[in-house]
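Paired with chain B in one complex and with chain C in the other, chain A is shared by the two complexes that follow.
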Partner chain A sequence: MAESMLTDVAIRSTPRVEKARGFRLFWATVWARAYPRIVGATREMSWLFFETLLPLLSVAAYVFVYKAIGAPEDYIGFVVVGGAMTAFWLNVLWSMASQLYWDKDQGNLELYVLSPGPLTAILLGMAVGGLVMAGVRAVAILVVASLVFKVTYAVGSIPLLLLTFLLTMSALYGMGMMFASIFLASGREAWHLANLLQEPIYLVSGFYFPVKALGFWVATAASIIPLTVGLDAMRQLLFTSDPTLGFLSVEVELGILVVLTVVFISAAYFLLAKLEEIGRREGRLIERRR
Partner chain B sequence: MVLTERILNIPFVRRSDTLRSFVTAAWLGWQIESNWADPFLFAVYSFVRPIASMLILVVMYSVISEGGVGDPMFNYIYLGNALYILVGMIITGVSWAVIDDREHYRVNKQLHTTPMDHYAYLMGRGVARLIIGSISVIITIVFGVLVFKLPVYLNVINWPLFLLSLVLGILSLAAIGIIMGSLTMMMARHFWSLGEAVAGGIYLFTGAIFPLETLPVYVRWIGFTLPVTYWLELTRRALLGPSASGFPTLAVFSNLELIGILSAFTLVLLVASVFVYRWAVEQAKEKGLIDLETSY
Partner chain C sequence: MSVTQQFRIEDGTDRYTASSSSNGRGELDVDLAIQTFDLGRIYKIRGPKRKEDPKTIVALEGVNLEIRRGELFGLLGPNGAGKTTLIKILSTLLLPTSGRALVNGLDVATQVKEIRREISMISGGETSGYGLLTVEENLWMFARFYGLESRVARQRIEEMLKIVGLWDRRRMKISDLSTGLRQKMNFIRGFISDPTIVFLDEPTLGLDVQAARDVRAFVQQWLIDHPDRTVLLTTHYMAEADEMCDRLAIIDQGRLLALDTPENLKRRLQREAIFNLQVQPLGKRPSRDEMIEAVPGVRQVTVTERDDHTDLQLILEAEEVLSNVLMHLQKRGSSLLSLEKREPTLEDVFIDLVGRRLDEDTSQRNGGDNG
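The block that comes next holds the complex of A and B.
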């Protein structure tokens, strides 16, 4: 009896922890998922070596191809900027789209589902953390390759360039959030899907050449990938060479990026809810055999 | 499995630990690589990437040459990139086998306690990727011949030179792959980047897609220390015939001299791979890394 009274007193005297709800819960979940990616990356810096060396090698190889065939200097810059942007595409593929599948494989997905935090916030946290990591990698590639290959930029409007970059990232990571559900549903094929979406996307999005070279219809179809129009707009804003190299005007490309952002984030929200519902109903959400 | 069983039942294979380990590992590798999809989808996945990677270079070349393909430089780039598929596949294949066994399937402990030849096992695991890579190379070259008029004609190919250089090239790549796989056993972090880093370096320094003369003088020598440089040169000469000899890279060497250099590299690498492998296994066991699961 005395013990019970003591417990009662202890409970009453302990300050109550206010339960996070609504936006606070959403924000706490975003930060919790982003934390290991942002802070974890600073705890062990050796990843920087591999994350910057590998893409630099392929960027250098493409630069030397252009040098070997006597391309104008701006094309070297096109390769460097495209090479830097591969960091974001690879991050979206391997650390966003494939992540829920890997989390399922490692047993984390069931913890996400059981926690009160919304799954969309977890995905957003993944995106924020991934964006920071990929950003470091992209900047490293951009700086090192620009210095090594003596790339000159002619930035007309920095605010416009920043806006283009931010819109490209919003649409791209929205696409990554949407892919996460699709990849999770595709089971073992997730790995192969991610592999498949590397070089073919480098090709159709014009990572190493102006996308206009692919022709109007291919470039139009490829514009569903945010990096296609984002990269094209950024190149128009960064280099002074022949303005006709751009696929569409920067303003139109910004408009497309806004639309893509809205569509992808909405689709991600819808697909995640659908996947969770089906998974719970059929008991397959955390099944690790597939 | 029927074919594998038949091979395993050949008397001299049955009696040899090395051959049985090699054949079984090759079968296992093939199952892992191919059994996640139906054959058609698997085939699509296998050649879409190399073709796309090739088309990137084709478009880059076409943009600058305003649509012109088919000159010696284009053939040089096209063939080099097509053949390089094998380099990436074989070198990364073995180190990925180690990663798969250790981190994904978590069977390294069991593998190392079974009475088999683990060196032969690793070689065998690389065979599946060699097969996939070879198919991709053939498809890419045929695509080049049909679409871009790549001058590879069956009656012009120097078959003995091609086959000899192919065997030497594959053996040297397999040895590099084993060395990479051995080093992977001792790594707790970044192991998935090792094979790719080496393959990326080889792509850049061997003149796979541009003549070595394009590289700055202070790094050009690296290409001459890599067997892949000589293999690519020999294979280009064998496939393109007389039109390949005009390239400045390694032009001073005759075919026989190049075969000699490649053979020496292959021998040294094979011997080195055995020693590195034994040392790595011992180190991994001593340090308790052999069955490490890092989830990194």
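The block that comes next holds the complex of A and C.
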């Protein structure tokens, strides 16, 4: 640039439509992107059958095993809560982590990037919508399974339980936001990555048994998955048999969840910016190939 | 030319203008919507073996353009010519590897957020949106991404759906729409955010005649209603470019070959004689001396083999050359089936400039679908 002449210049134009900026634009984008997920749940009701009944079958299998071996009664409740939480894990894996890759394939990602709405707001919208969608499924599994298997809950502190749940979800969906960029960068491998993560996490996060049973080091390593510590803390707050079956104290597990939330959301923000930069520089990642 | 001046406009953004186009008075030239200065883009494509050096493909080279506010400007070229690459750069999806581009006086490399507030893009064959949502829900979602108030968005959606005749289908899931109706919805999506510059990338690709006509009419009417807005259209349909564009640039293998109004481009060939010939099949590939191009006075020839005959398009320096061409064909054992003399079209201009027809694919030598 040779010269700089900073003067006030008005550009002539026909009347323009008012558009939000900054924070208002951010939230408009979040709610707009959450909308398809929230409203989508009411459009195809077949999910009620597939996503409630099928997890119930897994839960039932563990319940019968525990009954057969005469395990403590709380184990039945552990399995039911774990079964309900699978809804969130599946949602994060298939509807968060894989979503940008599918959006690219469909041509939506290009339009997201082109719009002034921030990409982080798009991802947050996906998370909020996904949370609502998976929440409905989780409640359905929890209610039906609790009635069928006659689970008794002993909640000491409802606010603490809610806080634990919210922190677990923040960290979990933060991880989903981070995975979204990683899966997008990994191209076709995204599908395999999702498959690779689905079943092993059921095991190491202790969806159907107390994670303490895996031993300290394995359970510690598995604590990088927010559901491991979140589920463990919620079980301690929901049933009377703990803390004997708990892995760490609830306070420590809440601390871990706070750290995971900050790390995952920061990483998601950084990776998204990096991804867009690479996309613009190399001419790939963002655009749908026609 | 890369000397630019910087200005700050009333909305607080910094804008630039080229010194040659700032009308000599050191003022921001608000009549220019798009400027490019020696713009270039090179792709590096890696093969399956990571150790191999990447293959370099020049998609754009030394492109200089000035598009005025209010213009419907066309980029005409075959697949792989660099049209889409240019649009991607101007719409901030891609960085140039050399040169500079300004959109509404904003730099595409550094003022990305500001540019995105002012532009939109519609591509042919778009499948964007979510199939579970209805037409109006999808449009509402995209409008919100641009910061439109919910009420304003709904009002504009109603107006525009009525204009394109989709109002009755507003509650239909988009997965149930035909290709033509879906592209009409995409057009509304592109225009609903009230952009000042719209990029249309092969917008009528795959549409039937009526749907293509409807979307062309929509764009033309929008420009009549908003005379200060600008449309940059890429197409490889000659008739579309001829009918719609105020000015056209012909692009091939990443370079601009000509830039003018469609009329002026065609006028370049006014002195030449242009003929369409149908002849008996020419058969085997001739030697260099036997080629029709070897006949003195023949400027360009395109040959299309059909099942039972051969089509020839000839651009001759003068009508008299035709008799020599016919004698040449006779020597090769072919004879004339029909002959038509006609006025020059944009396709003739393209053939004259490039030496081949527009529908001959060059993507293999120029970066495939990166073009």
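Rule of thumb we're sticking to: the second predicted complex is superposed on the first by the 266 of 290 C-alpha atoms of A that agree within 3 Å, B and C clash if a C-alpha of one lies under 4 Å from a C-alpha of the other, contacts with A are read in each partner's own complex, and residues count from 1 in each chain.
Please note the rule applied: a residue touches a chain if its C-beta (ideal position, glycine included) is under 8 Å from a C-beta of that chain, and two chains touch if they have at least 3 such contacts.
None of the values given here were measured: they were computed from a predicted structure.
Judged by the touch definition given at the top, the superposed model places A:N195 against chain B, while chain C stays out of reach.
Contacts of A:E44 after superposition: both chain B and chain C are touched. Of the two partners chain B and chain C, more chain A residues are in touch with C. Of the two partner chains, both chain B and chain C are touched by A:Q106. Shared-chain residue A:L214: touches chain B; no touch with chain C. Of the residues of chain A, those at positions 44, 106 touch chain B in one of the two structures and chain C in the other. Remark: chain A residues 44, 46-47, 49-50, 53-54, 57-58, 60-62, 64-71, 75, 106, 188-189, 192, 195-196, 198-200, 202-203, 207-210, 213-214 touch chain B in the complex.
Partner chain C is touched in their complex by these residues of chain A: 1-14, 16-21, 24-25, 28-29, 31-33, 35-36, 39-40, 43-44, 106-108, 110-117, 122, 279-283, 286-287, 289-290.
Taken in their complex, chain B has these residues touching chain A: 36-37, 45, 48-50, 52-53, 55-57, 59-65, 73, 77, 189-190, 193, 196-197, 200-201, 203-204, 208-211, 214-215, 295. Looking at the complex, you find that chain C touches chain A at residues 3-10, 14-16, 19, 26-28, 30, 41, 43-44, 85, 88, 91-95, 104, 113, 116-117, 119-121, 123, 125-130, 132-133, 137, 140-142, 144-150, 152, 156, 173, 189, 193-194, 196, 226-229, 369-370.
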